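Each structure below is given as structure tokens.
After this come two complexes, each holding subunit A, first together with subunit B and then together with subunit C.
Let's look at the complex of A and B:
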């Protein structure tokens, strides 16, 4: 049988204590790292049920567990891996999001056009339903 | 109110899996997977080069020249597929378009992450006042 602790606060041996709400609310509820170039492929993820290609520089990420609302925080990071094209400048951003999905996009910052990125990262923070 | 006093949380059935209940109570999720494994707030414009304002699980950094930084982790990641989110700030107006990118001149590894900061207006590498990075993923 699994053990279970129900507590409001966690305290270290050194006496530093933190409300368990910081642990629950402060944890990322989902995150992903996928290759957005050529055939889109998940490299690693947490509580993302699927990632699909929606065209150049556009991707659709579906969350396993829906958030309680659409007010979650979505953090992004991107980049390329082709050393011969150094330095590239790509931006990752969110076109649209709902309680259970993120439409993630990358583009060439300088040229301003949609562009596939080899490194597509995102993390979602907020309240899970 | 109840308090748990401990230095370690370890799963009972599986050491690396402690489960927490969602805010809404509908689902449970693995605590370890949701935790940020490293983060850093960096100033790249000090007289002596770069400076770390604050960080977690970052052992050291290497200033690779203008706009180039290598972060070395204190505790390594389990694989090179972790998730890195980045944000940045510079200047005092509304025209300082900047971007942090994974450095395409190197590969992500379990022990380090290389990134560069670029001035979008000029297309050149540039040091920033504020570079914020954080990562989720599997620790070794």
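Let's look at the complex of A and C:
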């Protein structure tokens, strides 16, 4: 079925109107999921142009459409391996290098040293340039 | 599939169209570069959705737009982008070959200190290769360097 919904507002069950632009602007502007082990490979993404493998547990993700500045939101997660029934520990650290590039690092939760992760995920919310 | 006429369409909306309609393309090309003599070699991996846009044409802005925005951001008094319209209103570039797309990506995502002077340097700072040519394991990853013997090759 094809169709198009055009509406300026959406009404909640409580009768409150919210702007549809609020909903659209609140969606993730970019996301990425890559394997940071072995030969780094991008599994799923949106709004990314490339990922750089900068060393052990050290990557950066470059965007196709820059964010308006570096004061936007990055949500992250990581897993040491992508096998087995339970997620295994590793910590992810992120930062905007600039409005077009996110630095992403993973470390062993126990030892604290840089370590590659098989599951490297992130999403960016906020305003695009 | 024909790309819609995207003149003046927000780049994010163009990329939404591409995500819905284009098949992601996994390139085998990798760009190995060194932007600091004190750091290990870095490896740039093209994004499959971005590659699909580059091969399709009519979606991505010209690369100079990114350089203009980078200039703005380098200003000391930069607070936020005010020339984002360059991304959206500039005529999108046409379809590229895979090799042209990699060249574009180098100029977009590699530091300009690498690609602007790579021919002038007496040290090899960048190599485009296939992923099969990279080491098979990540052993001693933080010590990887470009083999300077390639200069003579």
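Note that the second predicted complex is superposed on the first by the 105 of 129 C-alpha atoms of A that agree within 3 Å, B and C clash if a C-alpha of one lies under 4 Å from a C-alpha of the other, contacts with A are read in each partner's own complex, and residues count from 1 in each chain.
Going forward, a contact is a pair of C-beta atoms (placed from the backbone, for glycine too) under 8 Å apart; a residue touches a chain by one contact, two chains touch by 3 or more.
Computed from a prediction, not measured in an experiment: that's the story for all the values here.
A.B. asks: Counting residues of subunit A in contact, which comes out ahead: subunit B or subunit C?
C.D. replies: B
A.B. asks: Return first, second, both or neither, reflecting whether A:25 touches subunit B, subunit C, both chains, or no partner chain.
C.D. replies: A:25: touches subunit B, not subunit C.
A.B. asks: Classify the contacts of A:9 with the two partner chains as first (subunit B alone), second (subunit C alone), both, or neither.
C.D. replies: Only subunit B; A:9 stays clear of subunit C.
A.B. asks: If you stack the two complexes on chain A, which partner ends up touching A:116: first (subunit B), second (subunit C), both, or neither?
C.D. replies: Touch partner of A:116: subunit C, not subunit B.
A.B. asks: Does the superposition put A:76 against subunit B (first), subunit C (second), both, or neither?
C.D. replies: First partner only, subunit B.
A.B. asks: Figure out whether A:104 sits in contact with subunit B (first) or subunit C (second), or with both, or with neither.
C.D. replies: In the superposition, A:104 contacts neither subunit B nor subunit C.
A.B. asks: Report for A:47: first if it touches subunit B alone, second if subunit C alone, otherwise both or neither.
C.D. replies: After superposition on chain A, A:47 lies in contact with both partners, subunit B and subunit C.
A.B. asks: Taking the two structures together, which residues of subunit A meet both subunit B and subunit C?
C.D. replies: 29, 45-47, 65, 68, 128-129
A.B. asks: Hey, which residues of subunit B end up touching subunit A in the complex?
C.D. replies: 1-7, 9, 12-13, 19-24, 26-27, 29-31, 33-36, 67, 79, 81-87, 97, 99-108, 115-116, 118, 120, 123, 125, 133-134, 136-138
A.B. asks: Quick check on the complex: what are the subunit A residues that touch subunit B?
C.D. replies: 2-3, 5-13, 17, 23-25, 27-29, 31-33, 43-47, 65, 68, 75-83, 85-91, 109-110, 118-119, 121-123, 127-129
A.B. asks: Per the contact definition, I'd like the list of subunit C residues that touch subunit A in the complex.
C.D. replies: For subunit C paired with subunit A, touching residues are 11-12, 15, 19, 26, 39-40, 42-50, 53, 60, 66, 69-70, 73, 78-81, 84, 87, 105, 108-109, 131, 134, 137-138, 141-142, 144.
A.B. asks: Of all residues in subunit A, which touch subunit C in the complex?
C.D. replies: So the residues of subunit A touching subunit C come out as 29, 34, 37-42, 45-56, 62, 64-66, 68-69, 98-100, 116, 128-129.
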